[in-house]
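Both of the next two complexes hold subunit A, though its partner changes from subunit B to subunit C.
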Partner chain A sequence: MAMAIAEKIGALYTRANKPLRLSRGTTTALIFILPALLLFTTLVILPMAEAASFSFYEWGGYGDVGQFVGLKNYQRMFSHPVFSRALFNNFLIIVVSILVALPLAFLLAVLVADKFKGVSFFRAIFFIPYILADVAAGLIWRFLYDGQYGVVQFVAGLFGFTAPYLLADRDLAMYAVLAVVVWKYFGLHMIIYIAGLQSIPREVLEAARIDGASWWDTLIRVIVPMMGPTIRLTVFFSIIGSLQFFDLIMPLTGGGPQNSTQTLVSYLYNFGIVRLNIGFGSAVGVFLFLVCVVFAFSYRRLLMAKD
Partner chain B sequence: MSSLSKFRLALSLSAALLTASAASAQEVVNWVHIEQNPDTVRVFEEIAAGYEALHPDVDIKLQYLENEAYKARLPTMLQSNDAPDIFYSWGGGVLAEQVKGGVLRDISASVDDAWKTSIAPSAFGAFTVDGKIYGVPVRTSLVGFFYNKKLFAQAGIDEASLGTWSGLMAAVDKLEAAGITPMALGGQEGWPQHFYFSYLAIRTAGHEKLNAALAGEGEGFRDPAFVQAFQLLADLSAKNPWQEGWQAATTGDSYAKFGNGEAAMLLQGDWARASTATESASGQGLGDDLGWFAFPQVETGIVDSKETFGGVNGWIFFKDASDAAVDFVRYYSSRENLIKLANEGYQIAPMPGMADELKDTWQKMVAQTIEASAFHQNFYNVMFSEEVNRELLDIVTSVVTGDRTAEEAADALQTAWEFSH
Partner chain C sequence: MRVNAFPVIRYAVLILAAVLVAIPFVTTLLGGFKSLGELRVNPLGLPQVWELKNYASILGGPRLWQYLINSLVIAGLTVALTLVVSSMAAFAFAQIKFFGSGWLLNYLLLGLLFPVATGILPLFIKLRDLGLLDTYWGVVLPQVAFGLGFAILLMRQAFLALPGELWESAQVDGCSYLRFFLQVTLPLSLPILSTVGVITLINSWNNYLLPLVVINSDANYPWPLGIMQYRGEYGTEWSLILAFVTLTIVPAVLLYVFAQKYIIAGLTGGAVKG
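The block that comes next holds the complex of A and B.
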C-alpha cells in the first residue's frame, strides 16, 4: 500500500518537473476553456470566497462590511441549540430518505418497470408529487394537516379518534414533515430505478428463471446487485437533497413551532438573513458547503469510483 | 433614393432619436411599498399621478414587495444598482442600523417647521437618530382587543368589567366555562403574542423604563416591572385561552378564526378590522357583533396608565435619493393627501386634528385614542435590531408555552440585548 502511494507521488513529481511545453492541442483547449473559466470564477468562485470572508465579520448587511470577529460566528453556531436541532433534523431526513423513501421507490419500480396495461398511469401517479413545485406541495400539506379542516383530521374521524394539530406540536411536527419528504421525493428515485431496471439484460433474468430462481431470489441475488450503481446514485441524490432541504419547510412550518423543524438551510435563512446577521449566516453557509463538498468527494471516491 | 433624400431621412431619423431621448430624460423616483390593500394602493397611485401632473419631468415608479420578503431583500437591494429611492420603515432598531450603515439620506435640512408641524412633530421623533431626521411619519396604528358581542353575551360577560386585567382574566374563565375559545392567536409569526407582552409591559413598566433598558441603564429588562409583565402573560397562558393549534396558525388564520365567530377575542392592530371580514368563511365577518375595547389597566402596575401601543410608520430615503424624491414625500404628506389616505386607504396619519377629518366613526375613535394618549409606544420588537427582535418573539412564545418562567424570560431578553451591544 505504502509502496503504491510512494510510486504515485513519484510519478506526479517527475511529471511536474517536466519543462512546461504546451502542445497545440493544449493551447486550443485553454482558449476554449477561458470563457467558461472566467464565468465560473466571477459567478461561482468569487461569490463563494466573498461569503466565506463575511463569516469572519459581524455584519448586519447594511453599508460596509462590519467588524472583524475571527471565529466568533462559528463558536456561536456550534454552541447554539437550534443549530444542533437543525443538524439533527437533516440527519433524520437522510435516514428516512434512505430507509423509507428509497426502498419504497425500489419496490414500486420493480412493480411498474414491466409493461402491462395501465402501467404509465401508475408511473405518472407516483411521479406527480415530484413534479409539483416544492412551495405548492408545502402549502397543500399545510391544509391537509390542518387540525380543524384537514384531510388528516377527516381520516382520523372515520376511525373514531381525533388527530392532533400535527404542525402545531413541536414533538410531532418534524415527523409530519418527514412524511411529506417521503411522499414528495420517492417518485424521482422510482423513475431512476425504472431506468436502471430496464437496462438489466433480459437474458440474465431469463437464465435465472430457467435455473429455477424464485421471484424473491431473482430480486435479491440478481436485480439488486445489478442495480448497484443506480442505488448508489440515488443514495447520493438523497443525501445531497436532504442537506439542501428548504423549499418545502418554509410554507409548511417556517422552521417552527419553536424551531423544532429547522433544517440547516432554513436555519441559515432564519438566523442569518431574516435576523440581518449576514456574517453569522455566512458561517452557517460555509459549514453547509464544507459538509456537502466533503461528502460529495468522499462518496464518489469511495463508493462510486467504479460506477 | 437619391443621396440627398437619404441624407434627409438620416437627419430626420436622428432628430426623432434625439427627441425620444429627451422625452425619456425624466427623473425616475423608485418607491417601494408593502401595501396589499388595493384601495390604499389606488390612493398611492393617485397621489403619484397628482405629483407627476405638477412635475412632468418626474416619473414616480411604484414597486410592491410582500412584508417579510421586503425585510429580507432590502439590504441586498440597497447594495445593488436598482436601489429604491423611497421605502417603508418602522423606525426603531432597524432604522438605527440603516443609519449606522450609511445607506440613508439625512433629510433634516429639508424638514422645515412648516412640514414638521403639519404632521405631529413628536412622530418625527420615531425617524430621528442622533438629532438627524431620516424619515417622514405618515401612518400610525393602535393595538387593542376586538371582541365578539354575541359570544360575550352568551358567556354572560359584562363589557364594563373589561377595563381591568383581573376583569379580563375573569372573562376568559367565563368563556371557557361556556365552551367558547376565548382568544384567537396567529402564533407562527411570533409578533401577535408579543403584543400581549408589550402592552402588559407598557402597563407595568411604561415607556420610561423601556427607554432606560434600551439605553443600557439600571437592571435593563431584568427590572421587576418587565418580569411582572412576563408573569402576567404566563398567568394568562396557563388558562390556555388560545384556539387549538395556535402555534402553527398564521395571522390570517387568526383573523379567520375570529371573523368566523369561533373565538371571542383578538388582540390586534386596527388594520385587522377589515381582514377579520375578508378572511372569514362568509366574507362578511362579524358585522354588528364586532366590538372593540382598549387594553385593560393592570391593577398591580402603573396606576391609570395613559399610554397606548401601536406602530409609527414612515417613508425613508436611500442615500442617493434625489431632491425630487424628498419633494414628492412632502407632497404625499400634505394635509389633503393624508386625509384622503385615511378616508379611502384606511391609513391614519399622526396628524393634528386627524380625528375630526375622518368619516368612519370607528376610525375616528382610533384616531381620538391616539391623540389623547400620553405616550404612543412604537412596537416593542421593532425598537430592537432585527436579531433581538426575533429573539424577543421566541422568548415571548416560550413563556406562552410555559417553557420559560417570567424571570428566565426577562433574563434571556436582557442577555440577547447585551449580546447585540
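The block that comes next holds the complex of A and C.
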C-alpha cells in the first residue's frame, strides 16, 4: 500500500506537466517517512482537529456525536470561576519557575560547571528530582506535608507551634504545590545551563580575571550576557512545561481543596475526561492548544529569532 | 583573598543545597523502615527499630512486580517502535533530496508545539473505536506518535553531520538507499540512537496522563497508576506507601547512574547550539 500511495503522488507530479525530475529518491523517501506520517496524522493531528469540531457539540461520548451547541462550551468555560482559578494557577507556576527555579538553577550550575572533587555527586543530587516520575515526587511531598505524619509538621513542632495541614488549606495549598515545582524542575534547567557554561571560551573568563573583575562582576557582566540564548531557551521550556502541568497535581491534591489547585490540564481532566464531557473537555483542549501554539510562535519570533 | 575563599563558600552552599534537595528522598527511604507509630513521632531521623516488613511484604507480593512488568513492556515497545519509525523518517529527511521535504518535516515537528492533553478526548474516542482501550498498544502508539517530533529532530541533526562522501562512494558502488541506511547510517549513529532511546524510555516510564485515560484494569496498570491505586487503598499507612515509592524510584536512579551521558545529551542536545 505504501508503494501505491507513493506512486500515486509521483503520478500527480508527472501529470502536472512540469519539468520536475522525479528521482528514485522521492519514492524511497516517502516510503521511509510513511510510518511516521501515518502514526502522527492519526494519533496527533486528527484528534486535535476533532477536538476543534467536538468543542461545538454537547456529547457524552457514546452513540452519534451529540447536539450542536455552537460556542456554548466556550462560554461555559470562560464564565466558570474554577477555569479562571486554573488559568491563574498556571500563571503562578510560570512566575515561580522563572523567578525562583531558573535563578536557583543558574547559581547552582555556575557552582558545579567546572571539575572539582565531588562535582558529579552534587550534580546527581540536584538532577535526580527531575528524572523522578512526577507521581512519585507528588506522593513523597504529600507525605512531607501530611498534617499528622509529615516532616513539615514535625519541624514546626520542634519550634513549638503547629503547622497547618498545607495541602488541605484552600489558601495555602497552591503555595505548597509551587515549592514542589521548584524542587522538581530546577535540575533540568541546571543541566542545560551547565552545558551552556561549558561552551563559554576559557579565554573570555581569563581576560575578565586579568582585568581584575571580581567573581560577581564576571558573573553578571560576562557570563549572564553570554548565556542569553540558553536562558531564553530555558524560559521557553519553563513556560511550555508549566502550561501542561498535571502529573504532580494529582498525587498532591487532585486539584483540591475546593478546586484551589486546579491547572488547565487538571481542569480538563476533572471536568472533561472524568465526566466524559467530550464537547466541554475538547473546548478546554482547544484553548490549551491555542495558548501553546500562539506562545511558541510569538516567543520564537520575538525573542529567539537571533539565537 | 576572594579567590581562596571561593572553594569554601562553594562547598558550603552546595552542601546546604544538597541536604535540602535530598531530605525528601532520605525521609522516604527511611520511612519505609519505620513502623507507623514511629513515623509519627520521628519522621526525619534514623529508625530506632529497623522494620523490614514493609519492604518485605511489597517485594514478596505480586503487585509491584506486575506494575513494573507492565511499565517495562510498554516502555520497551515504545522505545523500539520510536527508534524504527523515527530513524527511517530522519534518514529520508537528512540524506534524500526530494520534493516537499521541508514541508513534511515541519508538519511532523508540529507535535512539539502542543501537549498530549489538548486532543486527549478525541484520542480516547479513537482508541476506543480501534479497540485499543485497556491494552498496552493503546498507550504505546500515541506515545510513539507524540515522541516522533523530538526523535526525528535529534536524529536528523546527527545524520546530517555524517560526512557526505560516504553516500557518494556508496552510490558509485551501486548501493541502494535501504542498504545504505541499514549498513552505514545506523551503525554510525549508535550514540544518537541511544540518546533518543533513553529519553523515550524515561518519558514512557514516567508517563501518567495517557495510561490514566487509556488503561482501566489494575492488571494492566503501569507503575504510576499502580502506585496511585496503592495509595488509595492504604490511605494513611504511610510507612507502607513510602516503601512502595522507594522501590519504584530505584529503577530511575539506576538508569541515571548507567545512562547519565545519554540523558544529559538528550536534554541539552540542540539546546546549546540554539
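Everything below uses one rule, namely that the second predicted complex is superposed on the first by the 267 of 307 C-alpha atoms of A that agree within 3 Å, B and C clash if a C-alpha of one lies under 4 Å from a C-alpha of the other, contacts with A are read in each partner's own complex, and residues count from 1 in each chain.
Methods note: a residue touches a chain if its C-beta (ideal position, glycine included) is under 8 Å from a C-beta of that chain, and two chains touch if they have at least 3 such contacts.
Keep in mind the model is a prediction, meaning the values are calculated, not measured.
Once the two complexes are overlaid on the shared chain, A:F154 sits against subunit C while remaining clear of subunit B.
When the two complexes are overlaid, the chain among subunit B and subunit C that reaches more residues of subunit A is C. When the two complexes are overlaid on their common chain A, residue A:M190 makes contact with neither subunit B nor subunit C. Legend: residue contacts after superposition of the two complexes on their common chain; A:G256 is shown touching subunit B, with no touch to subunit C. Of the two partner chains, neither subunit B nor subunit C is touched by A:I223.
When the two complexes are overlaid on their common chain A, residue A:L139 makes contact with subunit C while staying clear of subunit B.
In the superposition on chain A, contact of A:G60 is made with subunit B only, not with subunit C. Legend: residue contacts after superposition of the two complexes on their common chain; A:I273 is shown touching both subunit B and subunit C. In the superposed model, A:L178 lies in contact with neither subunit B nor subunit C. Of the residues of subunit A, those at positions 61, 146, 148, 273, 278 touch subunit B in one of the two structures and subunit C in the other. Interface residues of subunit A, counted against subunit C in their complex, comprise 13, 20, 22-23, 25-26, 28-30, 32-33, 35-37, 39-40, 42-48, 50-51, 54, 61, 108, 111-112, 116, 118, 121-122, 124-129, 131-137, 139-141, 143-144, 146, 148-151, 154-155, 183, 188, 191-192, 195-196, 199, 214-215, 229-230, 233, 243-244, 246-247, 250-251, 264-265, 268-269, 272-273, 278, 281-282, 285-286, 288-289, 292-293, 296, 304, 307. Touching subunit A in their complex are the following residues of subunit C: 2, 6-7, 10-11, 13-14, 17-18, 21-25, 27-28, 31, 39-40, 42-44, 84-86, 88-89, 91-93, 96-99, 101, 104, 107-108, 110-111, 113-115, 117-126, 141-142, 144-146, 148-149, 152, 177-178, 181, 202, 205-206, 208-209, 212-213, 223-224, 227-228, 231, 236, 238, 241-242, 245, 248-249, 252-253, 255-256, 260, 263-264, 267-268, 271-272, 274.
Interface of subunit A with subunit B (complex): residues 60-64, 146-148, 165, 167-170, 173, 253-254, 256-259, 270, 273-278. Put simply, subunit B touches subunit A in their complex at residues 68, 71-72, 75-76, 78, 94, 97-98, 100-103, 187-188, 244-249, 385-387, 389-390, 394, 397-398, 401, 403.
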